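What follows is a group of structures, each given as structure tokens.
Two complexes are shown next, each including chain A; its partner changes from chain B in the first to chain C in the second.
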Partner chain A sequence: MSDFALKVRRYDPESGEPAYWEDMSIELEPERSVLDAILKYKADTDNSLAIRCSCQAAICGSCGVRINGQSRLACNTQLGEASEELRAHDGTIVVEPMGNMPVLKDLIVDMDAVHWKKVQRVVPWLLPEGDPPEREYIVPAESMIDITQSMACIQCGACVSACLSMEADPEFIGPAALAKAYRFVGDPRDSQTEERLRDLAEDPHGIYDCTHCFACIEVCPKDVAPMSQIMRLRRRAIGDYGIKDSNNGYGHEKAFVDLVEKYGTLHEAQLLPKSFGQGSLIRSQIDPDSLKQLAGSFPTVIAGLKSGKVNPIKAIWHKKLADQKQVKRIYNEVESRGERIELNLYIVGEDPSDNEGEGAQEPAGGDRAGADAEAGKSEEGAIQ
Partner chain B sequence: MPQHDVLVIGAGLAGMRAALAAAEGGANVGVMSKIHPVRSHSNAAQGGINAALNPEDSWESHAFDTVKGSDYLGDQDAIEIMCREAPEEILHLEHLGVTFHRNDEGKLGTRAFGGASAARTYYVADITGQAILHVLYEQLMKHEEVYRYEEYFVTALVQDETGHVAGAITRNLRDGSMELFNAKKVILCTGGNGQIYNPTTNALVCTGDGIALAYRLGAPLMDMEMVQYHPTTLAGNGLLITEGARGEGAHLYNAEGERFMEKYAPNKMELASRDVVSRAEQTEINEGRGFPDGTVHLDITPVPRKRIHEALREIVMVARDFAGVDILNEPVPIKPGNHYVMGGIKTDTDGLCPVPGLYAAGETACVSVHGGNRLGANSLLDTLIFGRRAGAHAAREAKAIAMPTAAHSQLEDEQRAIDTIVRRERSGRRVSEVKAELGRIMDAKVAVYRDDEGLKEALEGIKRLQEEAKTVAIDDKGTVFNQDVLGALELGFMIDNAEAITVAALERKESRGAQYRTDFPERNDEEWLKHITVTHHGNGNGNASSDDVPELAYSEVTLTQWQPEARTY
Partner chain C sequence: MKVAYWPGCVSRGFTPELHGSMAAVAPKLDLELVELDRANCCGAGVIAEHNQELVDTLNARTFALAQATGASMMNICSTCQGAQSECQQRLDADPDYREMINSHLEPEGLRYERARGDWKNKNLLWMLVEDIGLDRLREKVVRPLEGLRVAPFYGCYIVRPTGRLGYDEFPQRDFYLDFVIEALGATAVEFAGSHKCCGFPVITMAKTTSLRQAGRHLADAIDAGADCLVTPCPLCHLNLDLQQPDAEKFVERELGIPVLHLPQMVGLALGLEPKELGMDKHVVKTRDVQRKVAELAAA
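Showing the complex of A and B:
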């Protein structure tokens, strides 16, 4: 047993007072959870502290909160670990309600107003063609295992809370709802794959509104890797259906890939013009259709120049990577494959050289690696 | 006053299935839940769902396994219906979009489960319950004509002057407002009551609300003494390691390194019925062959890695996060823990209760298909089959009747009762203390092994807690998400459940299924091949009182094709 210090954000909408911090000291074993500590406080001291919770096992998705600034489940965050994190305030565990959603009371946020509304937006039910067969739909085993990764989502909202794009654009459909969308797009029983993809690509707050910040992958307690699902939606939209959306998300992705192929790293000055046409800033051959959108991005560029975030000299004369051949080799390797390989936690690679082994059998060493590998393996995928 | 032909209380698998079936039947349907539907405890079902869908399998074989598993206390007419309709239900779920595991041919694939003579458990990795729950919720989102009331808590049921159920009284948790819902038919799908035990595999919301609501209305409860202890729960917190682990080939060892199931079930070994395995473990522990922390070991390393990753990923996480054990490389300490209540509100095979207008389905109900012991993966099936049947029947019946009258005075009474709870002096014990004591009593005296003396002591304790619960202290005086007042109401429900369980366990003077009486160690078909029902004759509303005497009665077990035999595995 040790004493853990917690600082919990409280808010009582009926008091007329603003939110405030409450300090508490809870004696529990370090492997017990932050939720256990809060429940102990409720049990022994003040049961008016409100938090949604039920399963205590990271299954029901009720207890999403921010702990030391990071969105996660209170029930699977251990006290010992949380108090030792760098982010903790000198060992004090800071607990707040999730972000990007209005607070209703203490640690309870309004998920209906944000999260569920967005889920509803993606037409979250299967739309098969015609009448169902007499028996089951016959589909490849892998396809079911594949979408099981997005089925594993418990709708806890941690990713929504952490999503940077959503902070900038509250209308962004967001990581959880888009992961849910992939669950239908990846489902061979669904007959509306193309329509779904077109819809999500054309929506200005859709699949191209994600900035690949990885936050959702990092915080997801169920390894759903929402960003990877979003990237797969893009690859499907572009690679399988050639959807050229009016937001020009397609062009942007392609420019990304082409530039990295050419320079090894991202040539930022060329990204924008290339996204909208064939040219560079100097030899401008911009597709007239895209001019309007391109003009729309100038304020961002100018702001970048002003703040010194963009150095015009460096940006325009971008250096190639020293060993550019290696980059080319990766591209050749990937492009020579007949089929796109999608990594997934439930299919963890069946590399014949790997029998007992760790390596490929492990859930891809954290999803970041998995997502990178995935992106790299797709023909048209963005390489970040 | 909101009105619905059919009001479904609870939105787990049973509730959502009932709501969808009732809507298909043309009824105007409302479905309410005290937590968001996808948070319901059906989520926790990792293992799978049974159905004899393979051409080589037969529903008779599934039914026989279920009958034998029930220790012959299950009603065979109901079991036949469940097993016969199971394949169609699985296919229906598949058509709705459940991502069931496929075999190499792309057809539905199965895994083995305890107490079953064929591998007939269909599954989605180890998130079967979650996958089905989320797909049913997708269907609710699709069918916007079904009204959803999320985060609404039912505090009482309402009857008209003829005794026909006329609706329910609810508290909207978001703002504390109380409402009277008027309905022609009410279906209770409020799940189990595991929280009366500590530890338990059940979630915090499993407080037996529906069972108590019906009990207070005078509906008979049946088979309440049959409380399942699951063989593999984590020692500290009661979290479940799915039976799927043993289905995939995991072994049990005692501290002497013995695979002890050889002694108790030489044929089925780890895959004998749950009551058998739980008792075996408890015997090993009681006789000193367990580990010092009162556990035995579950070793999952015989299962191939690839298989663990694709089918048992959840428990790798659970063991890592909640027990600090890397089960890929070492055994995990486990023990039997409270898991499921076979008993519940007595219903017929259409979910209809003896109280007119009232239905029940799912873990809240007792049809009885599980009898003395539920087989793994039969509960999800029970929720779906009888949820659907109840929904369809209620919709049909609702057409034939006019809206019953619900007196407003009941709403005022309830409102007043809750105001009194909120306003009372902070002199009594804390909700948490009373609940903890209840959990201790039940786990010590109404668990795997029971006897007359212990059960009587338990009942005394429960009666005392019943009184103490009436004066528990309340910290929260507000209306928005007042979880404190909710906790006090749930505590009342839990104690009523505990009373019914203990009274029934005391009454059954034999050992059958989950009920093992050390003072009556044999099964006694001559005297006890019958259901026990417990009925409460209180004042209708409010907690049962310590001087109320629950009425005990018996009802026949329906036998169709299978005569009781000795039960070996």
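Showing the complex of A and C:
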């Protein structure tokens, strides 16, 4: 048994008092959880301390909190480890309610007001074509593998709490709801794939409002990697349906990918106008929307030129890479294939063998993922 | 120490002062830079969003070019680090996948070998702490940056996700910038935004989200009493420096805090002059930092 110092953020709106920190000293074994410590304090010292919890086994997703600034499950965080983290100043474990959601009391946040509302926003149910079949829908197992990662979500809200886009834009649909959206976009039984994608691409707080910060990937206790699901939504919206949204999502990706193909490195000066022009430099200079956006970035361009940071000659005349033709060849080889190959390590796991060429595995790709998942490899080797 | 040096696109584009300051500071750090001038863009997450096989091939090509020099690879961009580490994780995880990717490199006579042990791709920040060492860095300091209050800004791609960024082996990587600031004699300022996102990836798609992020972090650093920020990521630099005048509108307050590139700060402490480090090429003027440093030299 050791004594652990906890500093817990407390707040009771009914008291009329502001939030405050409460210091606790809890004697427990280091392998016991932060939740155990809080429940012990509740039982022994102050029963009014509020926290949501149920299974205490990282399955139900009820006890999401921030520990030493990191969103996670209190039941899944050991006292010994938490107290030794560099972020735990002097070994004190700091426990706060989750972020991006209003606090109801102490460590309990209003999941309905934010998390569940956003999940509702993405129409989180199947919209199949025609009348329902007399019996169950028959789906080949391999066609569901792509969405198993998003199905692993336990709705704990840790990603919502950590989301840095939502911190800046509370209307952002957010990581949990968008991962849920992919669960239906990727479902072969759903008939509204394109409509769903168009809706999420056109929403100014949709898939192109994700700032690609990896915070959701880092905190998810189930390796759902919500940001990766958002990137899949973008990939499908642009790659499969060519959805030209009004947020420049399509334009930005097209401009970036095309410029690297043409020059080998990024031609930054053309990225902005091409993004505004749905990937086209000509369109960027005749389309009224694009011209308005270009005018809006004018002061920044002038500031860049004035500082000497942006050299106008280099900016306009971007030198092609010496080996640009090799880059072009790679683009041709990959893109002429007609199908996208994706290695999802969550599904296939990492090869533990250190020897090249070992292991009788199928070539990478969709079928490969299926074979491994069937062989039971999907969960054990999961990493993200 | 010889390194296969990948400067990235932005350091040779809109932040030329980063490329120049790295070249100036390298001899002081005994780094021999073998620049990978045939290598391509890392994709910055955007090509990964478009097509994973394509981005993995492009970065395998860069790794192969680096491996051909016989040295480990060094980058000076958090975004390159993160985008490349993501590809490297997949390439190293699966031999069949790696072979398939290598088949695209064959016509050029290149091949990426699974990284074992000593071949690594590291940001300058990691090199400073793990390969050069903080003690040796301290010994090289000729102008301790005493009294300079520096707010570290890491950049998302170099701190998350820890699972693929070598944190198992080096668990303190998200404190390195603080360590380096202190080793150079300056004071590391703690502020809310140090490990948050600068907002750059969505500047063309969600400008409010983007510049609210940049503006808030800058404001937090100012409120914490910082003289400047320092970052190992040129994309963060673009949103925090180039866009700073615009960001003021989104947080409705004046900002005006300079943002240094990591090699610029190291160079100052190692005796280089601000001009040699391109510190006159910033949108937010660095003269207050320069004045403080000049006073140090006089003292």
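Observations on the model:
Following the convention adopted for this analysis, the second predicted complex is superposed on the first by the 264 of 384 C-alpha atoms of A that agree within 3 Å, B and C clash if a C-alpha of one lies under 4 Å from a C-alpha of the other, contacts with A are read in each partner's own complex, and residues count from 1 in each chain.
In the analysis below, a residue touches a chain if its C-beta (ideal position, glycine included) is under 8 Å from a C-beta of that chain, and two chains touch if they have at least 3 such contacts.
Treat the numbers as computed from the prediction; the structure is a model and nothing was measured.
More residues of chain A lie in touch with C than with the remaining chain of the pair chain B and chain C. In the superposition on chain A, contact is made by A:A43 with chain B only, not with chain C.
Of the two partner chains placed by superposition, only chain B is touched by A:P128; chain C is not. Within the superposed three-chain model, A:R52 lies in touch with chain B and out of touch with chain C [touch as defined at top]. Legend: residue contacts after superposition of the two complexes on their common chain; A:N247 is shown touching chain C, with no touch to chain B.
Once the two complexes are overlaid on the shared chain, A:A237 sits clear of chain B and of chain C alike. Legend: residue contacts after superposition of the two complexes on their common chain; A:I138 is shown touching chain B, with no touch to chain C. Of the two partner chains placed around the shared chain by superposition, neither chain B nor chain C is touched by A:V114.
The contact surfaces that chain B and chain C form on chain A in the two complexes overlap at residues 345, 348, 350, 356, 361, 363. On chain C, the positions that touch chain A within their shared complex are 9-10, 12-17, 37-38, 40-41, 43-54, 56-58, 61, 82, 89-90, 92-100, 104, 107-108, 114, 116, 156-157, 160-164, 171-172, 175, 196-197, 199, 201-202, 204-206, 208-210, 212-213, 216, 242-243, 245-246, 280-283. Within the complex formed with chain A, the residues of chain B that make contact are 35-36, 38-41, 43-44, 91, 94-97, 99-109, 124-125, 127, 130-131, 134-135, 138-139, 141-142, 150, 174, 203-205, 237, 239, 305-306, 309-310, 313, 317-318, 321-322, 324, 430-433, 474-484, 487. Here chain A touches chain B in the complex through residues 12-14, 31, 42-44, 46-48, 50, 52-62, 76, 78, 104-106, 108, 111-112, 119-120, 124-126, 128, 132, 135-141, 144-145, 147-148, 151-152, 154-155, 183-184, 187, 189, 345-348, 350, 356, 361, 363, going by the rule given at the top. Against chain C, in their complex, chain A makes its touches with residues 86, 164-165, 167-169, 172, 204-205, 208-215, 217-218, 231, 234-235, 238-239, 247-249, 251-253, 256-257, 260, 264-266, 268-269, 271-272, 275-276, 299-300, 303-304, 306-311, 314-315, 318, 321-323, 326-327, 329-331, 333-335, 337, 340-343, 345, 348-351, 353-359, 361-364, 368, 383-384.
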